[in-house]
Structures are given as structure tokens and as C-alpha cells.
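Data first, discussion second: the structure below is written as C-alpha cells.
Residue numbering begins at 1 within each chain, and the chains themselves are lettered A, B, C and D in the order written.
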Amino acid sequence: MQLGSLQEIIDQYIHDGQSVALEGFTHLIPFAAGHEILRQKKRDLHLIRMTPDLIYDQLIGVGCARALTFSWGGNPGVGSLHRLRDAVENDWPRPLEIHEHSHAGMAAAYTAGAARLSFGLLRGYVGTDLPGVNPQVREVRCPYTDEKIATVPAINPDVTVLHAQAADRQGNILIRGIVGAQKEAALAARTLIVTVEEIVESLDAPMNAIVLPHWVVTAIAEVPTGAYPSYALGYYARDNAFYLAWDEIARDRERFTEWIDRHVFSSRDHAEFLDSLAEAA
Amino acid sequence: MQLGSLQEIIDQYIHDGQSVALEGFTHLIPFAAGHEILRQKKRDLHLIRMTPDLIYDQLIGVGCARALTFSWGGNPGVGSLHRLRDAVENDWPRPLEIHEHSHAGMAAAYTAGAARLSFGLLRGYVGTDLPGVNPQVREVRCPYTDEKIATVPAINPDVTVLHAQAADRQGNILIRGIVGAQKEAALAARTLIVTVEEIVESLDAPMNAIVLPHWVVTAIAEVPTGAYPSYALGYYARDNAFYLAWDEIARDRERFTEWIDRHVFSSRDHAEFLDSLAEAA
Amino acid sequence: MMTIAAARLIWPGCVCFVGIGVPSAAANLARLTHAPDMVLIYESGGIGTQPRVLPLSIGDGELAETATAVVSLPEIFSYWLQAGRIDLGFLGAAQIDRFGNLNTTVIGGYAKPKTRLPGAGGAPEIALHAKQIFVVLKQSPRSFVAKLDFCTSAGFLNGHGERARRAIAGAGPQVVITDLGVFKPAADSQELTLVARYENVSVDKIRQATGWPLAIADNIDVVATPTADELRVLRDLHKRTEIAHAGDVLRSRKTPRPLTSQVNA
Amino acid sequence: MMTIAAARLIWPGCVCFVGIGVPSAAANLARLTHAPDMVLIYESGGIGTQPRVLPLSIGDGELAETATAVVSLPEIFSYWLQAGRIDLGFLGAAQIDRFGNLNTTVIGGYAKPKTRLPGAGGAPEIALHAKQIFVVLKQSPRSFVAKLDFCTSAGFLNGHGERARRAIAGAGPQVVITDLGVFKPAADSQELTLVARYENVSVDKIRQATGWPLAIADNIDVVATPTADELRVLRDLHKRTEIAHAGDVLRSRKTPRPLTSQVNA
């Protein structure tokens, strides 16, 4: 486990063309890490995530992604991700290859990835058109009942990036609250990068808490408020107003580009990004 | 969820011929419930459990079981389960049909059972003689890599019995510490019976603790020290001396039968059983 | 009004898988009125949540803090939904057809759609495994269509028993609630049939807002107007929600909290 | 002495999957001497446990209380063992053959065995997925056999590259440690070869305790006698363990603690 600045870590571990999962199911979304990927202008990424959120809208809108594996691509509680839509509908700023699942299918795929099985099983996709557009959704016959059961291939990202509440000095990571498929995405990855709200002497984790031991973590950066505008339970709330405002910002290509220039590209790190937003408000 | 005495609950929900899993991986073993099954002289049970412990040695030795599904049948840290051995080696007191797995296989089978999949997958059983003696271990081909992957049929016990630290007034159950495959066994069952150390106003469970919600629990009995001679983290330690002593008691059919008569059959409930042991000590 | 109509159909003790928007409002309204013991499950992992305010997203902190248990998303979909533990699932859609099949994926062709919608999320498997489904959506000829552009979630497929023949575990959409009326599947064909309308909405208006020749029940009920209690509870809920969501997160960060490490790394 | 010989072979930082008995003692001895940063994983779910005393069972409370994380058993076997995260697995056995295959199931026929042993437990998959395996057992013609009565866990199968040809992930048994000596697989055939003996144990004695014509390395090392430090740490560990396990649980229950419900049910 390596402790470093987010800038160093993204530079060292995320490379053009890789498959990258910034997971977080409406909680602990690694926004700071996503912005650093934007700043470093990574290209041709295969982005993976159950719920591409605003941060994927930004990565796609800037043109960092060549492909997206996902199961629900909206602005949660608000509506569309306009940059994602523009990429799919109009190939702007570049075409985006999409690999589409249901949540259940993608959860099974991450689970298989974490367990290093080549595929996952689910009773799913029956009667839908999804297998028609995603040839990766297949089926096996149960060796006991002869039923057909849907299969999905394991997802094993080159890099998974998470945001968590805390790491201890050894690099053990504590994740609390709504955890989505973060643990599975973490354990499925070849490289695991974690940003944390703070580094503490001791996690004081309750028994049976969700702790990722230091020896499965590649690198950690301390980034306070690193999930903003998403939230970190116990630290700060979700900025719902930002999610609402994003709908307007992202609707228009120019306004989006200006916003990225002004707030992401013109800030050197996450603290400056937050300051620039606060100034604008 | 029904709250009642252990006697009532075992009488009402466990019937001759059923498949019954009293789970607990060297922790929270439902001894009191097992003794009540003995007292009520249930017969022809198909016992299921990863690690048949002393309580299964007793059930088998008295002749309650016609079959056993398991993956490791020893006295942990001590040696053999002599009653299990006598049943397998000498058909005493009756023949015992065995369905044998590895831990990984049985864990996958419970997991499939909890998810209501008809089978589970694992990279396992390669090069062993187990599939030769357990025809339920089969394989499927991965639809992506064409590899052969082992399969096990789901385990869905008629009844699962657990011991847990606490239930709240609504019947939500908190399990802390080493949890084995208890949650999977609980959710795989048609009927779920839980004995608890105590019933409390509020579980005060930490976020992401292992809590079984009241509406998946069939019946709860409050049985303090109900896991003795196993342990309940936060309540009492394992009685290692009892596990050592059991090796002597169970080695001999007569001594075993006397012990069961004196301590289990002659006591009306778990409190009396504990008293009778304390007197004998 | 959709919210109130939907809430009324929820029964005490119901284990309900909830999405954001009208379903969440309806489920919480039911919980705060006639079904206090119902169990809310959000796909984000909260089991038995009792939010005091309506979540804006499916994974708000409120849902974790008030839950009996918070589990992972793979667990929600395998041990809870797929295992058949959900009595009622709510779904919305951009398009519905006469057999209750739903589209939330694209308008137009899949490869180059006219409108790319958010996609499937939990819906395809909720549609299969929840014991029954309520569908809530706004009604117009654009949403009530003769043919879906894409089938995201199975209703009754081609009807006439096809769902049962394919051995799908759940019973499928039992009620469709729109801003104009309420629909239920016919017993034999499973074709959606108008069974109730709101006051001041004519059957003709509903027919015109439907992209296929609509089946009409012999007796059309009128949905009762909201009671004072329903309106009060719903207003209070929305008010609490507004206040809770109005906090200025970015500025509140400026109040002193240690932004530097506790460790001299 | 087996414990000390095994402990010495554990390296700093090693992620070690431990069973009860000699493996647990050896791993903890290593942790308390030259490999303080090794990671102990018990199959009961404790990841990164640091027991102060030796557990009697694989699921003692001590293991949970001192762990970095305590996870379920299905998770241990899927996300941790099967996923290839274990550097070293320890296995014991009642029988071993010349290719390091192990029997912990039965002596005699399976259907009506002469001796029914505990069975497989975690061993078959530990044998497949741990990057390497150390085997620890007492040596005699009854345990070092020409042919196993039952193969519970794969070593090198029939040797000569069969394990690699079957694409088994882990490298298999790299060291076998007995009370007489130490064995390693030959590079080409993978047949177990005597590479070291303890002081005062002759090669002839080891040969006689082996149920097949034993391969002997050109140079046989002598296992160094235990150092004062090793003996002290091991004695302290055993002493702490004895004291900890001697508590009278049944009597301590008699001290007042509320045995009645906190709720007037």
C-alpha cells in the first residue's frame, strides 16, 4: 500500500485505454478522483459503473471514454445525464460504445469478478430486449433442474477507484453506510485506488464492519470532501442543489465546457475545485 | 414472527423426516435447540451443517438422523466425533446416509439456496475423490471461456435453527462475531427458528451489522447461554474443557447414553441442563 | 394524485421494493397513514428504512440511518429480490404497452436513439421476482404505445398466459396507475383494462391518451378524492423534505472541521 | 519441533491461511518472531487476526476480536481463497502419497470405512488456490503411503506436470514437514524428496517410516536446533493459551448476570 497525493496516484496507476471503475452507489462517489482523471486528460478509457453519475457525465463529455459498461445512466432524482445522452445520440464529442446491463446482472458480474469466477449466474433478463443488444448476456442450463439460467461475464476492471470514510495508518479502509457494489468492484480490480476523508490512528471499526485490508489496496490518497457533491456518511450530506443545477449545466455543450474549464481544469486539486465552486455560488 | 418457549417452537416447527440445519461455525452453535430436538425425540431428520459439532454427535448418537450433509465432521481442536464415526463405521444406532462436501462447496450451496438459484458455482473439487462419492457435485462449462466449473445443488433446509446474541421486540436479530454461513443458511430455509441470549428494547446495531429482519424470522425463543458449551461473543466464552471431556464421553456407547439420559433427557429445559452439568462438575 | 392513488393500494405488512419519485412518496405516504408496519426496501441496500424525509436519490444517507439493515447491492438483488422476498415492486416507465411491458431504455432505435433514457437499473429483475408489480407513469399517446421501442422489463409479454408459461416467479403488473386513471390486467388475456378514473377525467380522454384501442371494464370506479389526512401527511412529508434538502453543503463545509490529516504522514 | 521448522519457512508479509493445531502455532510463532507483518486468515472468517493465545477451535472469539475484518464463510472461500489472495496454505493429513496428495476423509473403503476421519473442510480448495502449500503431519508407514485410501486434496496428482496441465491456480505443496524431516517436490517429477532431517534422526529411520521407496536429495540438511528465542516465544504462547482456556465457563455463568428478559414479553 502506497500513500500519496491524488495527482501522483492517478498519474502512476491510470493509463489511457484501461478499464476503470469509479464505483459508489449514490454514496461515496469518487468525484475528486474523477476530476483528477479529467485534469490529466486520460483518453480511451473503458468506464465501468452501475450508475454513471455526474462524474461520468463529465468524463464522457470531455471525451475521456471510448466505452461504458453500466446498468442505469441517469442523474438520480433529477433526470437525464445530458453528456451521456449527447455521446450516445450524437457521438459528441466522440462515439461511445455501450455495454448495457441490469443492476442485478452487473452485481452478479462484479461478484464473479471479486471471486475470480469467469461468470456469474442470475435469474434475470427474461423477456427483455437487453440480451439482444448485449451479446455478453448468455445462459447455461442448470445441471440439476435443466432450467436455463442467465449468465454474465465477470467484470475485472484494470483499476477500481473508491472513496471511503477512513483509512488507518496501515492502510486498512473502512466503508460505512450504503455500500453498493464497492467491495466487489474493489476486489475484482487488478489495481485498487482509494481516496479517503481522513487517515486516522485506528479505524475503531465495529465487528463485522466493511473493512478492506491494507494488502489488497494499491494506493491511498487523503482527500477531504472527496465525494462532493455526493456525500460521505458521518462527514457531509449530499449537495442536492448541485445535482439539480447540473441538469442545466450539462444540457448545453458550451455551458458544460465552460464549467469544466472554469472549475476542473483551472483548479489544481480538489480543495481548489471546491473553492472555485464556493466563489461562484 | 412468533415469540415463544423453545419447547413450543421445536414442537410446532420441526417434524420427523425434515431437513434441518443447526448452523454455527464454532460460534453461536444452537446447543439448547439441539437438546430440545433430542428431548422431543424427533426422528429421520436429514441434518445439514458444515461442521457437525458435539450437538450433531449427540443427535446422531441418539438416532434422530437418517442423513447428514456436511463438510467437516470433527470435534474442533480435539479430534473425532465418536458417535458420528460409530454411525458411519458400524451403523450404530442406525445407518447414516452421508452427503459430503468441502467447505467451499457447501458455502456455495447455501449461497445459492439463499438466493433461490438452483445451483452454485465454484472453482473446486479438482483432483479429489469427492465427486466420485457425491454425485451431486457436477460441472458446467463457462459460456465465455469454455472452462469446466464445479457446481453444487442449492441447499434449502426445511428448517434452519440459529443462535444469536439478541433480538429486539419486533423480532429483528443481531449476529456479531464469527458468523460462518449462518445468514445464508437462515435465508435458504423455509422456516427460520432463532434462539437468542436476550430480547432487548433496541439492537443498537452498528451500520452494516448483520441483522436478520423480523419478517424473515419464523419464531424466536429467548434462551440465555443457549450456545453453551459453544460461545456467544459478548456473553460467555467457549467451554474448551467440555469439548475435551466430550471426547471421553462419546467414545463409549454406554457412557454416551448415560450422559444423554442424565443431562439431556432428565432436564426439562436448557437451564436445568446447565444446572445438571454444574452439579456433576 | 397518482401518489395518493398508489399509496391506498399498499397493504399493511407489505414488503415493498421502492424506487425514487412517485413510488417513494406513495410508499412513505402509506407507511405514515394506513400501513405503518410495511417494510420499505430501497435497491441501494436499505432494508426496513423509515425515512423522515423523502430521499432525492435512491442512496441518501437518510435511508441508511433509519434502516433495520444496510446490505450490499449484490445481496439486495440475490438474497432479497431474486429470492422472492418482495411482495410489491413499483416501476415507472417512459413507455408501456397493452400487456404491461415497459421501456426505460431508448426512444427510437437502440444503436442511434432519438432519446437515450437512463436504462434498466433494477427494473428487469424487479419485474420478474416481486410477487406483484404496480406501475406508475404519466399517460399520453407517447407513453401508452401500441409497440415499445425497446422492452426493458417484462410485463405479460404477449399476454394470454405467456408469462406463466415461461415460469416467471412473480405475478407481474397487477395495477397501472396514471394521472388519468387506473388499469388492471384482464384475467384471460392480461390486457390492461381501465377500471377507474379520477374525478373530472372522462373515459374518452383516457381513450385518447392511449395508443391502442383501450379495453374498458364494465364498471368504471371513480378514484375517491384525497382525504384531509392524506393531503396533510403528504404535504408535511414534502415540506420536511424541502427543508432537509435545502442545506448549503458547500458552505457548511467551510465551517471548521479538520481538513488536514490526523497523522503526520 | 515441527512447529518451529514450519514457522521458520514463513516469510515476512506472507498472507497465510491457517488451520488449527501445528499450523496455527507455527504461523503465530512466525508472527511473534521474524514475520510480524504476516497476515493470518482463519477460514472461520477472521482476516488479519492477531491472537494473543492459540485458538482451540478455528472460530474462537479471540480470532474475531483481534481481526482487521471478520467476514462470512462464503466470502472467505470465494472473495479471498478462490480469488487467489492467499500466499500460503497449511494443510495436515492422515495420509500423504509421494506426490503430496492428501487424505483426511477415510481409512479403508468410503462406504464402510475402517476409520471415518473428519473429512475435507477447507482443504480441497486451499490445495487448489493458495499460491503454495505447506503440509505438516507426523510420519510413519501408515501416514506416508504408496496409495491413498481416498484423495481429499490434490497435491501433484500423478506428478510429472499433471497439476500444471490441469491449469490448477496454486503451485501445490512446496514443503512437507514431519516429525522426522523435511521434503520438497522434485523439479521434474514433483515426487517428494527428503531435503532435511532433524538432528539425531537418521535417513534410514526416515526411509523406514515411508511407505514407498523414498527419493533422497544429494545433500541432506540438518534442521537447526531451536533457538532460545524460538523456544521462549513458543512456551509463552502455549502458557498464555493454557491459562486462557482453563476458565470455568459453566461456573462463571453462575455469577449474576440477567438470565431473564429485559422485556416484559
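The rule is short, and it goes like this: a residue touches a chain if its C-beta (ideal position, glycine included) is under 8 Å from a C-beta of that chain, and two chains touch if they have at least 3 such contacts.
The model shown is predicted, which means the values in this text are computed figures rather than measured ones.
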item	value
For chain B and chain C, chains touching each	A
Comparison of B-D and A-D by number of C-beta pairs in contact, larger one	B-D
Between chain B and chain D, centroid-to-centroid distance (C-alpha), Å	25
Geometric centre distance via CA averages, chain B-chain A, whole Å	40
Centre-to-centre distance between chain D and chain C (centres being mean Cα positions), rounded to whole Å	53
Residue numbers of chain C (touch at least two other chains)	64-65, 70, 78, 82
Where chain A touches two or more other chains, by residue	116-117, 122-123, 177, 179, 183-184, 207-210, 233
Pairwise chain contacts, counting only pairs that touch as defined	A-B, A-C, A-D, B-C, B-D
Chain D residues touching chain A - in the complex, by the definition given at the top	13, 15, 39, 47-48, 64-65, 68-71, 78-79, 82-85
Residues of chain B defined as touching chain D within the complex	3, 25-27, 50-51, 70-74, 76-78, 80-81, 84-85, 88-89, 100-105, 107-108, 110-111, 122-130, 133, 169, 177-181, 183-184, 198-201, 222, 224-225, 228-229, 231, 233, 236-243, 271, 274, 277-278, 281
Chain A residues within the chain D interface of the complex	114-117, 172, 183-184, 187, 205, 207-216
Touching residues (chain side chain B, partner chain A) in the complex	116-119, 121-123, 136, 138-145, 147, 149, 151, 153, 176-177, 179, 206-210, 233
Chain A partner contacts - residues on chain C that touch it in the complex	20-21, 43-46, 55-61, 63-65, 70, 72-74, 77-78, 81-82, 101, 105, 110, 112-125, 127-129, 150-154, 157, 163, 166, 168-169, 245-254, 258-259, 261-263, 265
